[in-house]
Amino acid sequence: MTQPPDYCVCSLLKQTRVFPLPCVTGMLAEQFVADGPRLHLYDFEEKHWKYLHNWQHATMYLFFGLAAAVSLITHSTEAAPPALDRLMLGIAFFNEGFLFLYHLHGRSMLDVHVHQLLLYAVFGQALIAFLEVFHRGNIILELLRCTLTLLQGSWFWEIGFVLYPPSGPAWDLKDHSNMMFITMCYSWHLAFALLVAGVLYCTVSCVVRSRLKRTPPVEMGLLKTRERDAESEDEI
Amino acid sequence: MTQPPDYCVCSLLKQTRVFPLPCVTGMLAEQFVADGPRLHLYDFEEKHWKYLHNWQHATMYLFFGLAAAVSLITHSTEAAPPALDRLMLGIAFFNEGFLFLYHLHGRSMLDVHVHQLLLYAVFGQALIAFLEVFHRGNIILELLRCTLTLLQGSWFWEIGFVLYPPSGPAWDLKDHSNMMFITMCYSWHLAFALLVAGVLYCTVSCVVRSRLKRTPPVEMGLLKTRERDAESEDEI
Amino acid sequence: MTQPPDYCVCSLLKQTRVFPLPCVTGMLAEQFVADGPRLHLYDFEEKHWKYLHNWQHATMYLFFGLAAAVSLITHSTEAAPPALDRLMLGIAFFNEGFLFLYHLHGRSMLDVHVHQLLLYAVFGQALIAFLEVFHRGNIILELLRCTLTLLQGSWFWEIGFVLYPPSGPAWDLKDHSNMMFITMCYSWHLAFALLVAGVLYCTVSCVVRSRLKRTPPVEMGLLKTRERDAESEDEI
Amino acid sequence: MTQPPDYCVCSLLKQTRVFPLPCVTGMLAEQFVADGPRLHLYDFEEKHWKYLHNWQHATMYLFFGLAAAVSLITHSTEAAPPALDRLMLGIAFFNEGFLFLYHLHGRSMLDVHVHQLLLYAVFGQALIAFLEVFHRGNIILELLRCTLTLLQGSWFWEIGFVLYPPSGPAWDLKDHSNMMFITMCYSWHLAFALLVAGVLYCTVSCVVRSRLKRTPPVEMGLLKTRERDAESEDEI
């Protein structure tokens, strides 16, 4: 069956979502930016490690790249069991949290705290991706993972504003009331992420429903066939 | 089918149970009580945070309000998957425990201890609400959640009596034997909550059974139809 | 159908297994032994708590008594959901571990360590009893719970020998190599408990099988009926 | 039905995989190497424990030997429930991690750290083996367990190179940047183990598929019968 062009584009975009290209770009960028390691790791003259942070970031990208490659394989061929993409995603998030966890030695109190809060989102995503291995297609888990991804993103932004404030005075990194405010901030970010995920979910499901109603029966049969194709890609 | 008035009232009460109104009231009360923040959070003159506790309590109310709103939506419309209400309830309890967890810096030993004991109930509720996403309608989980809710309520009371004794001498907040007594007290509260939940369960199930037996067969058919309606509301 | 006497005795014994009598006896013994609290808890003259250990032990017995009472109710009536007995058993074990956990303040290193090792068995039992709520009748979980019960029992004995050696020199409670030896000892107790549980399982299943083979077909029909009764009691 | 010789050899090899012989050999080697304990454990003259490390290693071998024996029993007879082999494997890994956990007192920072990283793999294997009790035959869990086994093996090698470098200068066991490099190293070992497991999986599944295609239909019927036999051995 020849597939109509719009379906192909949609499918391509869907696969681009998981295409490992951004991860490879990220790894290269971490290595070859102006003051990057350029594949050097050990300073043999002064006998100590250099550029450890860049290498750690590149390692994180590496695992997300692996997860994307596996996702591409499971969706386009039948060589791998379909749940493997969620397992790799879970391992990639676990690895990210694992590297952040041992990243914090000797920093000031607030700096450690904002990174620890981040770990809630990261390990939460790892756990949910692992649960999805057994409960694939559970909409609740998908929404929760989406929410935690939004939370992680907005919290990275917040970390930037706290540690390197673009204007105004620097934060006192040892003040306890700052720490309590930041904790509350994290709850607000979570509420915001829940709201965004909820609005997105409602919009998408409304659009899909109204389309299904408008389509005449014959067209709808075709649509269903296409849907079944798209699904069969997911649930081989 | 036009529904008889008593069913409507029952359904209304059931929805009132989850109506977000109490949460909004709580948030407003926290903000506008006599010495409340009135939406102020930062004292720009003295450069420090003010009213952090009130804001934290308002944040807790906010999440329970969100959970109630989602519960209202999932029970009255078909826009959201039904398990979403348990997920939001779990997130609300998790958020409550999360804020309490970072709330305890620099307090005295017994004060920290009574709040830590509270966290067993709060995180327990979060875990059970999350399990209910997958095992919806499991009576054991419902009873356990009910028990932990009772435990949380009675323990808040106990905390009040320990930290601000209404009469008699204040507790020595650094005495270790006080701490051991309080731990045992928590077990007694748990036993009490189990007892109350058990008595409630027996009473309700006895009343329901005796009613079902007394009802003549024709009426019972109607009752069954209504029951099926009520259930279909829960398990779309 | 009138049940033959041997079945009744067997059923009675089975219920005696869970009869709350031993727990009540234990609670009374803890209260009224020679130097027991006799229901006193606070010394109003010297203003401190007395007999906290006896009261803690009585509280542990209380929860096991509750679990036994619930087990009796779920097995003999239809008033409660059958999985409730495992939930109560899990709560009883959790409560035991919880009280032990906050029991250890200010003791010497080895004393704390032997009690912490005990917690592995106790919380393990709580977890398994909770899993049995969802996987009732899973033979693997039953065997594991049986093993951990044996482990807990033999380890209590070991604790007695270490802390109050009946003869010979006392143990050095601060020596690190003692601690490492005790840890290894715990593994040996676990191996021993696994062995005992395995031998018991083989013996029982061999006896049951050889009996089933020896019984003539007619008798076997009766046996099956009885078995079905016994099972229906468990799996309503 | 008489089974063809190649099937028998294959089946024998499969059982040899789990044969407890290597474990017994390991235990004996730990006891009777040149400077081994030879079943001595306590030095009565100097009143302290001797050879604790050798005894701990022998205890680890003991549990893997038990797991292998149980696996042999469940695969060759019908005396035990089939999921018992995974439970015993989980207990063996748990016991290994448990002994390592209390093994680390008083060592230098990097030494403790490399052993703690090992525990991620060991406890991960224990958890996955326990999950396999409930989700037997899940290919994702099998692959993950295989990956963690590879990780554990390659990390033991790495530990050897770090603590006893065969050439060059010794590592500074108190340097924090060494610790961060080692953490990143662990991620690389994990990526390597994932890669090896992936390549193995692809190779095996390609070979099996190409064979199935080449076999003529009649032969294939026989193959299927054999397969069913092999499976029935696993899933009684």
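Things to note:
Read from first to last, the chains carry the letters A, B, C and D; within each, the first residue is number 1.
Basically, a residue touches a chain if its C-beta (ideal position, glycine included) is under 8 Å from a C-beta of that chain, and two chains touch if they have at least 3 such contacts.
A quick map from chain label to UniProt name: A, B, C, D = Transmembrane protein 45A.
As the structure is a computational prediction, the values presented were derived from the model and not from experiment.
A rotation of 90 degrees, rounded to a multiple of 5, brings the CA atoms of chain C (Transmembrane protein 45A) into register with those of chain D (Transmembrane protein 45A). Chain A (Transmembrane protein 45A) and chain D (Transmembrane protein 45A) have Cα centroids separated by 32 Å.
Computed from the mean C-alpha positions, the centre of chain A (Transmembrane protein 45A) lies at a distance of 45 Å from the centre of chain C (Transmembrane protein 45A).
Of all residues in chain A (Transmembrane protein 45A), none touches two or more other chains.
Pairwise, the chains that touch each other are A-B, A-D, B-C, C-D.
The touching residues of chain B (Transmembrane protein 45A), counted against chain A (Transmembrane protein 45A) in their complex, run 41, 48-49, 52, 55-56, 59, 62-63, 66, 70, 79-81, 83-84, 87-88, 91, 95, 98-99, 102-103, 105-106, 133-134.
Across the complex, chain C (Transmembrane protein 45A) is touched by residues 120, 135, 139-140, 143-144, 175-181, 183-184, 186-188, 190-191, 194, 198, 201-202, 205 of chain B (Transmembrane protein 45A).
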